[in-house]
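Pasting the structures in now, so scroll down.
Both of the next two complexes hold subunit A, though its partner changes from subunit B to subunit C.
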Partner chain A sequence: MTVTDQDFQLFIYALKTSSKYDFSEYSEKSLKRRLTKILADNKMTLNILISKIKNDQEFVEKIIKEITVNTTELFRDPQVWHALRYAILPKLKNNSVINIWHAGCSTGQEVYSMMIVLNEMGLLEKTKLYATDLNEDVIAQAQKGEYKYRFNIGYLDNFDKVIKENPYNYEEYYDVPYEKYFTIDKPSDTIQMCNMLREKPIYKKHDLVKEGNTLYVKFDLILCRNVIIYFNYNLQSKVFDLFHRNLYDNGALVLGMHETILGSYSVKFQKKGHAYYKS
Partner chain B sequence: MKYRALIIGGSAGSFQIVTRILNSLNPTFPLPVMLCLHRLKHVRSGFVEALSLKSNIPVLEPCDKEQLKPGKAYLAPANYHMFVELANRIALSTDEPVNHSRPSIDLSFITASNAYRDKLIGIILSGANRDGAFGLKKVADNGGVTIVQDPTESEVKTMPESALQLTKVDYVYSTDQIIRFLQKL
Partner chain C sequence: MNLKSIHIQYKFLLQVFIFVVYLGILTGTILLMNGQLSEFQQTTTKVIRLERDITGLHSTYLSFLQSTGPNDRFFIDAENDFTLKFDYQSAAVLDSLNQLSEKPGIRKKLQKSGKKDSLQAAIENYSIDFDQTRLAMQERGARNSGKILALRNISTEAGNTIYTLNLPRVGELFSQLKKLESEYLFAGNYVAFNEILGILNDILSHPSLYEADPFLSSELNAQLTEYKTALEEIQALSQRLGDEAVEESLFGTMEQDYQKMMADYLAFKNSWNHEMNKARSAVLLIGLGFILLLSLGFLFISYLFFNQIRKPLLQSIQYSQNLAKGKLNLEPVTLEGAAEFVSLNSNLNTIHASLTEKKRFVDSLLKQKFQADIDLQGRNDTFGKTLIALKENMRKARDEQLKYHEENRIRRFQNEGIAKFSDIMRSNSDNLDKLADIFIKEIVRYLNAIQGGLFLLNNEDDEILHLKAAFAYNRKKYLSKEIRKGESLVGTCAQEKKTIYLTKLPDDYIEITSGLGDAPPNNLLILPVMHEGVLIGVLEIASLKPFDHNQIELGETISESLASSIINARANSRTSELLEKSQQQAAEMAEQEEEMRQNMEELKATQEESARREEDLEGIISAIGQAFYVVEYDIDGSIIKVNERLLYLLNQHADQVIGKTHIQVFGKKSRADSLLFANVAEGKTIEITETVQINKKQLEMKNTFSPIKSRDGHTMRILNIMNLNK
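Our next item is the complex of A and B:
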């Protein structure tokens, strides 16, 4: 089934007028694809979908969960984690408290990666981690901290690169066992994060598009990786504004490997390596 | 100008061909070039550098919402789908793979075709799966120019043959013919 431009607009309009969600400034191509998939998965016509959106808030929540993309990995893009460990986080080591926001945390692998790095740096205790997402189901998964082993097996490689090796000094090697942070159970095909890490972050449902800062603190570091690719150009600027207002001076914003600040906000941040610093 | 963009899809056996094409283009090539090439999942970097070595035009892995400019080649980043949005902007997505592929050649071709209609040139090269066939059909349906690498010359025939099965394409060309066609633009 193909979704026409008109179908697409009707869908966006129905959500906007009958729910608290507004997707009108999302990146059109991805969203259209998600809509096509939702119609196919639910075996529904657009008319039925729209009438359910108008009359059934529970259904809306279900659709929201299906619409969001939740790709994430442990230590995704090791070079970014090298930058965090050796360039970005060291600047914060003399803070009495470090506030970090994972905006769009998905199933939490990035949050766990961060906690592991912070712990190896001796900074975890004084760090407050806030992790938010639009989708409550992925937050529940993040809190559970249980992942498929087979699916994530490649990421142990990334763990070694980021935690055991030092790319700036090949002679250094930290023999950190995985069990320090998670247990691997091959028969049940799971990786279970330890309780110390599971209980640390503050998780909260949050809509980057509609809500301001509902965490009521300012941040030293915000990570928002592969989230804004789903927003259009205008909406991206609004989100940059939100981040800019809620970062401390010289606070850092880390985006996805292929995301960049375009437009008027590009002058309000200074890019150094993998981070944008509030200037 | 008759055309506004060129898009090339390929998989196994296409790397050398793309390298030759990029090496033959004039530095003032008048169109943006989108490259959607499958690569091994764990090879995340080095590909763009390898393609750049012999290219006459800059090859880059674009950032999301980057504007497409003539005379530059935009390689779909590893593990992202690459779309064309309104106003000539690239959009990236980590949406699930389509037919086991991310980037998906079909998706890149379809969105490029929606954006450029009959002003698009689509080329499918050597490859080991069927990705791209549906996308090239879209290009044809929208009046764009469709070219498929001659299967007898392709290192792996599946991708060009699948494209030929689905669409009556404008040209079945050898690499040399593709290059001559592009040099005349």
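Our next item is the complex of A and C:
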């Protein structure tokens, strides 16, 4: 069942007025598709959905969790991780403290990836990691650090690529065992991240639309990958502004592989390789 | 002996006695005082009476003087009634004076100041002087007595003589004399004495006498001389008596003596009054003072006595009042004071102690402590006996209750056990593992054991039992979790299909791992788990405490149910396993689907984002295209793209231009040669302004060649933005 524009507007309006969530500046097409999916999954018409939104806060929270797209992987896009490991992070190695923000951390694989890389670089001790997402459930999952093994089996390859190999020197090989960072339990089909990694980051629910910097620190590095693709142009700029204001000078912003900064903020950042540096 | 502890009745008697003594002393004192005072009074009366006596005495004297006639026998006997009275009275007065008081004290007082002696002397003097007077009077005599008689006789004789003589003149003289004599003697004409003498002399010296008979005349002379002498004697006596003049006469003396007597009496009386007043005051003062002190003393003793009774009595009353109100937390009363109070208080204490004891007893009864005992106060302690009966009653009731509870407990134990395990088996009928785990844990706990294990046969023909589930279990002897039928106790039970219960095990049979220390359980219960005679498994339970027969019975009952549950569970678990698997697969698929969808979504969103970007860029490029002439070359300089505006300017089609070089299109004169392109390809931006010929027109064009770089810095194409310099 397709969603008409009018329906869609009603939906946005209902959410905006009955809850703290403002999706009016999200990318329409994407959001419409999500809405269609939600209506189908919950077997509701839009009217019912809207009336439920108006009356049931718990239902709103459930919808929010169903709207968000939480695709993520361990060491997603290894070339980005290579850049991080060999180009971006080394710039921070002389800091006494490194602050990293994973905006839109989803189920946390990106955070764990970062911690593994930092540990291999000997920088984990002095790094403070902050991970936020709109969806509380995925944050809980991230904190739990437990993933399906069979789903993630391909991503062990990513691990190898980033951690064990050096793309700039094929002869280098670090035999880093998986067990150093997580335990694989094939019978129960789980990968369990080890406790040290689970406990290190600060996880918090955060709405990039409505909230400013509720982490109250400035950052050396912000990762926000495949998040802004769901925002419209205006909202993208607002988010870039937020990031720009909360980066240290020469701090870096890493976006998704297919994302770029367009518009006024493109001059405020200088793009070098996979990162945008605050200028 | 402690004075305080004397019996009250004795104290009371003592008090009475003291009272009596007091009264006695009081009475005595009063009597004494009274006596003393009345003594004084008596003496005073007597003293007063003395005056009367003295006056009476004097009055007797006066009466004597007045009443003693010439014929009174006084002149003969020298006494008459008056003199006798006088003697009597004077003796009486003296006697009275001396007998004023027999009391030596009073005597002394009377003696004081010597006034008594003076009075006594005066009275004696008076008496003596009266004697003198009497004597003198008697001597003098009256008409028929004494000197007066003598005189009269003489005078008669003389008269006779004269008569005989017959001398008229002398006879005249003598008759004068006689007259005078009579006047002198009886009429009180005391001056007649001299006249008489005169006459006498006259007579004596009368001349007529010379002529008379000498004998008679000498007789007369002698008579007259005797008469004269007698007369003189009478005169002397009279003078002595004081007929004429009282000064220095007996009469005068008597008066004086009487005055003195009165005066002495007065002095004496005053002195006595004075003394007596003093004495009376003293007596009164001392007496009253003494009475006062005595009374105070008595009152004080009474007060002490009263207090001795009152205080302990109040104390006892207070104590008994407290007891009456039911207060028991009291200190015992001190046992002091009179024996009765000691007795009373001792009784009160006993009552208190008894009540306290009984209360304590009841308290222990309330606490269900039936071993408490109570001492009876005596054979008549009905209260105590009732309490004991109560205790017995309560004890019996409690025992019955305990018995009832015990029976209930056992019943409940059985029923609840069966219900509980039915419930467990029902709830876990689909999962054998869970059933076994929960079951073993619950059975061990329910039987207050410390560990247990459930061994199962995989199939009914199997010889080997596997440990399916265990609780606090680490059998040292059997490291493997398998036991063969017939081996060890478990195996034996499996073989024989009978319950085994042991209360003494070898020390190393079981080692507890539940942290209870090294005490091994001594009691082992091994139950066969059978369904319709077919052995499913064996249940082994170990405990520190022995199992009672209720527990064993329950264990056997439950084991039976367990057997069928296990069979069910196995059947169920196969089904549920399959179900689970398919569900799992479905869930996994759904998850995968969702992930794919989300991946799709991301892809789409990314694509849309790219599309947007493209649109954005396209818009920019279009705008540029509108304002400028835009040419795109590949790195070797061949044109790939030209915008509409330029085509229009060139008045050519795209395929006429594409593939050619810049020079080929814009003329040989153009400086945009391969060198330029090579430079731009390296990364430089080069601006050249040149004139080119387009459609026969010479146009000045500003060209800006810039490289279009890929992400990694390689030049992909070259861009030229051209603008007409007008």
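The rule we apply is simple: the second predicted complex is superposed on the first by the 279 of 279 C-alpha atoms of A that agree within 3 Å, B and C clash if a C-alpha of one lies under 4 Å from a C-alpha of the other, contacts with A are read in each partner's own complex, and residues count from 1 in each chain.
The definition used in the following text is that a residue touches a chain if its C-beta (ideal position, glycine included) is under 8 Å from a C-beta of that chain, and two chains touch if they have at least 3 such contacts.
Note that the structure is predicted; figures quoted are calculated from it, not measured.
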item	value
Simultaneous placement of subunit C and subunit B on subunit A, clash or fit	clash
Subunit B versus subunit C as contact partner of A:Glu259, first or second or both or neither	both
Partner chain in contact with A:Tyr174 - subunit B first, subunit C second, else both or neither	neither
Touched partner set for A:Ser27, first subunit B, second subunit C, both or neither	both
Partner chain in contact with A:Gly154 - subunit B first, subunit C second, else both or neither	first
Superposed model, subunit C segment overlapping subunit B, candidates 149-157, 599-607, 689-697 or 707-715	599-607
Subunit B and subunit C footprints on subunit A, overlapping residues	27, 29-30, 33-34, 69, 71, 226, 228-230, 233, 256, 258-260, 262
Subunit A-facing residues of subunit C, complex	588, 591-592, 595, 597-599, 601-602, 604-606, 608-610, 612-613, 616
Complex contacts: residues of subunit A adjacent to subunit C	27, 29-30, 33-34, 37, 69-71, 148, 150-151, 226, 228-230, 233, 256, 258-260, 262
Residues of subunit A defined as touching subunit B within the complex	27-30, 33-34, 69, 71, 77, 154, 226, 228-230, 232-233, 236, 256-260, 262
Touching residues on subunit B, where the partner in the complex is subunit A	42, 44, 61-66, 77, 80-81, 83-87, 89, 91-96, 107, 111
